[in-house]
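Note that the chains take the letters A, B, C and D in the order they are written out, and that residue 1 is the start of every chain.
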Amino acid sequence: MELTDEHLDTLAGLAIEVPSWAYGNSGTRFKVFATPGVPRDPFEKIDDAACVHALTGLAPSVALHIPWDQVDDVDALTRHAAERGVRIGTINSNTFQDDIYKLGSLCHPDAGVRKAAVEHHLACIDVMTATGSSDLKIWLADGTNYPGQDDLRARQDRLTEGLATIYAALAPHQRLVLEYKFFEPAFYHTDVPDWGTSLTHCLALGERARVCLDTGHHAPGTNIEFIVMQLLRLGRLGSFDFNSRFYADDDLIVGAADPFQLFRILAEVVRGGGLEADSGVVFMLDQCHNIEGKIPGQIRSVLNVVEMLARVLCLDTAALAEAQRRGDVLGANQILMDAFYTDVRPRLAQWRTERGLPADPMAAFLASGYQERIERERVGGVQAGWGA
Amino acid sequence: MELTDEHLDTLAGLAIEVPSWAYGNSGTRFKVFATPGVPRDPFEKIDDAACVHALTGLAPSVALHIPWDQVDDVDALTRHAAERGVRIGTINSNTFQDDIYKLGSLCHPDAGVRKAAVEHHLACIDVMTATGSSDLKIWLADGTNYPGQDDLRARQDRLTEGLATIYAALAPHQRLVLEYKFFEPAFYHTDVPDWGTSLTHCLALGERARVCLDTGHHAPGTNIEFIVMQLLRLGRLGSFDFNSRFYADDDLIVGAADPFQLFRILAEVVRGGGLEADSGVVFMLDQCHNIEGKIPGQIRSVLNVVEMLARVLCLDTAALAEAQRRGDVLGANQILMDAFYTDVRPRLAQWRTERGLPADPMAAFLASGYQERIERERVGGVQAGWGA
Amino acid sequence: MELTDEHLDTLAGLAIEVPSWAYGNSGTRFKVFATPGVPRDPFEKIDDAACVHALTGLAPSVALHIPWDQVDDVDALTRHAAERGVRIGTINSNTFQDDIYKLGSLCHPDAGVRKAAVEHHLACIDVMTATGSSDLKIWLADGTNYPGQDDLRARQDRLTEGLATIYAALAPHQRLVLEYKFFEPAFYHTDVPDWGTSLTHCLALGERARVCLDTGHHAPGTNIEFIVMQLLRLGRLGSFDFNSRFYADDDLIVGAADPFQLFRILAEVVRGGGLEADSGVVFMLDQCHNIEGKIPGQIRSVLNVVEMLARVLCLDTAALAEAQRRGDVLGANQILMDAFYTDVRPRLAQWRTERGLPADPMAAFLASGYQERIERERVGGVQAGWGA
Amino acid sequence: MELTDEHLDTLAGLAIEVPSWAYGNSGTRFKVFATPGVPRDPFEKIDDAACVHALTGLAPSVALHIPWDQVDDVDALTRHAAERGVRIGTINSNTFQDDIYKLGSLCHPDAGVRKAAVEHHLACIDVMTATGSSDLKIWLADGTNYPGQDDLRARQDRLTEGLATIYAALAPHQRLVLEYKFFEPAFYHTDVPDWGTSLTHCLALGERARVCLDTGHHAPGTNIEFIVMQLLRLGRLGSFDFNSRFYADDDLIVGAADPFQLFRILAEVVRGGGLEADSGVVFMLDQCHNIEGKIPGQIRSVLNVVEMLARVLCLDTAALAEAQRRGDVLGANQILMDAFYTDVRPRLAQWRTERGLPADPMAAFLASGYQERIERERVGGVQAGWGA
């Protein structure tokens, strides 16, 4: 099947949330390489995010990370975003960089540290309220490095208590989204290591607690699309953190490592209603452009998602269902592969032109002079990174 | 700390369930090597299991696998077990060897196949009732080999429906235990691949549905003791299938591949109350003795569990809690390691003697002439294996 | 870039070797499902392989497995192949199904067993000479299941000795190809677990010893195209065993699990001269069609390889080299992805028509009545499988 | 078997090399937590290393990392070490933190960068000559993050050329030790990803090129002791970087994650002659004490190695060989496990006392006041870490 106008209408409704931190410097424990033109503050990050949206038309919101994106005047930042044509999205908390969090935050053995971690989240909710953001995303770096270091079960109980306090502070239109991660930075155990644990806590919290699925946070070989299916089926998929990986949490550009996996994930999203307006599923990027350009990295990511979604829409679902019904293993697989191998790029380029966007957003960016300008203008100050 | 009399009393209450099929032939897709003396029928399997219990005093029950252990007269088999000093334990269903199950059983696209699979489980419940068994264990080989082959979500819905029918047929004192498995024999997706999926179904079924944790059924690197902790915390750990692995579902002798992992798992069992009489946790072995002796393989397994549990009991939990409380990473870890490195073997040998058991059950078996006798007597007929 | 006539000339030279055993039954340790129409002897396997070649024009040779394909009259089998338009390719030895090989073959602690294993290989060389085959492929199931079971180093020394004897028996135009495998059927250690070990033995043997790379025989996450590159660079890549996997040695259809990985592998093949006439690289399939049709499974595999190779040929290598030279990370990656996403299928269909072949070999097979005929005719006898 | 006096004599010859950087701060990409008392310069690192040696008697040398340990007066540092009772060991190069190395060093597409990387190594050789160090250890962070980013094969050729230049500059008594790593910081491919690649380069270089095996640098499930065996067999094992891991390159304390794996590795060391005086195998630690104390972390590591080696020495090798010879799978395994489960700690404590060392080096350190003193004295300046 080919891309139809109806498919393109569906794609027009796609909103990919970009992370403010993707525009800052990032790296590995071995080295963070600095990049010319990198933003010095949240306002400049918003500018870069707005540039990506202007070129792709598909990235209307920007996730913030507190305290990396803490500003004195939140309203000014919110207005700045609006003026640039984007809005503030998910607010991400951070309880892994203050010295008190060395052995954990919400799961820490010390009640004082847990209290500080809860209060940080309450402050994040204030930012949500000020910015109009509806999602509080919690990724915890909590865990241990050595067996015996702490009591796994007591930590779960502490977590339950902390999350309940935070959840209770949300306004009725706000949600808590709990992310899980297989490992790193903790190397023996992670307090929310898998979707089962995240779901367990969400069920205990209430209806507005959802699971965040980061595509890089699983054990080797995990069938991620199965989890997508299951969470959609249970009505508990809150958001994606899209990226890709060959090994661990590599945070590479989404679709770069295993494009067919991205196809299968998006096929389950469509199958499970995740694209529908009321699904409540947020499509966020969470990546590190360690060695490639930050803005180009984000443009590429947005394009990868929309192109792959277009391939999914080309799937002949009626023929597929029929092949599945009759147990035609190879026939059904072939129908799926036919969609994957469809070259949707020319039609999408044309569609962009029809929408007043550049046919080739990457070429348009490179020709725009934007990068040269920020490298020229953003001199002095401290480049944004994970530490600030 | 050393093993105390109180610890030994705790160990005396340990009951390890052995699987009938461990005494039959098993192998890989490449070859099943036959072993002299292997049982030809369920009665002879019971004999071998009784031999293991007689030597160790810790293996009082035998799990059956239907139809491998189907007999004309179930009562006779039950009596045979009682006469040999053991009893029938968990009943395991099998919906992966009939030709109709090529594309699944409870999740199959065809309603007729699903019906047959449900009926097989109802027949298993009849066996439970006849034998006095309280647990129906369901491990499904259901899954697909190729993306698109079937609809992942529809299969979950079919599974929900089939399990509900089976669960409804249980007597009030009977339980359904749902096992999960990462992969194999299906190579793209498995319908119950992880504890989260198993738990989800158990929650939907009711209080008497529990999760079975097979220690070989996880992705590489999975922290299994965390799952043990979580399921105990949620009151949903139904049983263990103990074995060990270096790579996939290798089904080696429990404790053979990574003894420290077994220690950590058992430490969470004790921590979470899994040893207590009312915990409802069944300790079962599920192994394949492909190249080693079957009965010695089971003796070794039983000994490995009890020895490791003894090491866990040596743990100075008060000192550990105190070290954890003060955030003493290395101190806490050292307390755990000290228990692991304690040599409990001499005291356990003495304890066995005190209980009227051989100090060295393996040596006693080798000296007993049992193996020579069954090799001599079990001539003719068809050796038991996975196919019969 | 698009597929050019020159590219198509290159593709016309492609020769994919099919394995005789792909047409027989296969399965897992849990169950081998029988398929109607499966060959009863090597002659019928050749018939099916010839059918695949007739429809695709790209599968002119058939690998045999001894003793599965042992026949009284090898010359008759060779002639039968020629009459059907194919020829006998690689001869694969088998030292894992005789009872004496329970603890190994060339690495076995017992000299008598090692001698038998060597002699089996000498018999295989006789078959090679009779069939005109130039490659002896050795995959050893040798290994151990438990630490301490045998002496890892002594086994290497025994292996060295056995291989040397076999190598010495080869005619000057014959080669020894040594396959490695990460695990299975041995679950603690494998005697040739990785390409480094295989290479080490090949270097010790001589120029006509090469490494066989089975794409399913690596640890999770292994960068297989790197190994392809390295072996081509060292002049020691002897052959591929193509298949695909999500977890372990799943033996799924090549290109089914991670198409982009197949693309990268083939890109390194082209880059390293592996397509050139004198490269000595054999492209073999080694798969198990457990639940899908055997002949369709082979047709799909052949098509997947040629389609992916066509995408590789679309790569703009000049532009890629230039982007790499200037350190343009995303630009270089994009050039690669552009080739991967090129839809080569229509041009290949046309090309097949130009060559007098069906545009759609799969549809042609389904319409041919071949399957119905063999299901009708192949009644009685014993279906071929791994055991015979 | 028990530890004999002969065994203790063997252990007395053990020399574990500690890394200077273990005493500085380290962490993950998320956070480097600072620790009070951490050294500000290489002299203070030597002091801490000397403390570990004074307490254990088994850590007589310190590996340096250039430029982290670059000092104006190398002779002064060498004398400082001698005065503290230790000596300078392996010199580790570093080509991953200068901005020019963003896309590689010895494998970089730009000849100028490659030249700089070679020159850095020549400067390291100068340090070796000045300090009397005999080993230049090269771990390259070189690799790529995205397929197509660079030419895998051209990078190998550049690597070959660079290594040859460096090797040629070594004095006749100096060695080049080439480390391999599965992934990180590069996330698509690593230029020296496995032992096969490292060995290939060593063979091309000459007799004094050896492989460095870091126990954390392998794919999940890799049988590391097999590689140890193979490299010893080939005479190419140059050194260990000991640490342990649950997931990736976690750099935890050696023996902490899987003690039985450490046992098996050391058993192959002993089996292969790696403990003998002329083996040329260097036993180095390479760890990150991110959340635990640095000096206690090193003490624990040294003790773990010696304790595990003591268990290995308890192995009844004659009985093992006999059990292996007769194919007694479980018997042989049991002999191995018996050694592993032997409690060697009391005898080792006594042995330390006999040698004039504290029976419990960890308790002695904690009681010594050393930590309190350095926390008091090391105020001001910049704490050492990976960046300086």
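Keep this in mind: contacts are C-beta pairs under 8 Å (C-beta built on N, C-alpha and C of every residue); 3 or more make two chains touch, one makes a residue touch a chain.
In this text, all values refer to a predicted model and were calculated from it rather than measured experimentally.
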item	value
Copies chain B and chain A - interface residue numbers shared by over half, same or different	same
Comparison of A-C and A-D (more C-beta pairs in contact)	A-D
Mean-CA-position distance for chain C and chain A (Å)	40
Centre-to-centre distance between chain D and chain A (centres being mean Cα positions), rounded to whole Å	38
Chain D, residues touching no fewer than two other chains	103, 145-147, 182-183, 188, 220-221, 223, 246-247, 256-257, 260, 291-292, 329-330, 333-334, 337
For the chain C and chain D complex, residues of the former touching the latter	103, 109-110, 144-153, 156-157, 182-183, 188-190, 193-197, 199-200, 218-223, 225-227, 229-230, 232-234, 260, 264, 268, 271-272, 320-321, 324-325, 327, 329-330, 332-337
Parts of chain B lying in touch with chain D, wherever the complex brings them together	220-221, 223, 246-247, 256-261, 291-293, 296-297, 300, 329-330, 333-334, 337, 340-343, 345, 362
Sites on chain A touched by chain D in the complex	26-34, 96-97, 99, 101-103, 141, 145-147, 182-185, 187-188, 220, 245-248, 250, 252-253, 256-257, 290-292, 386
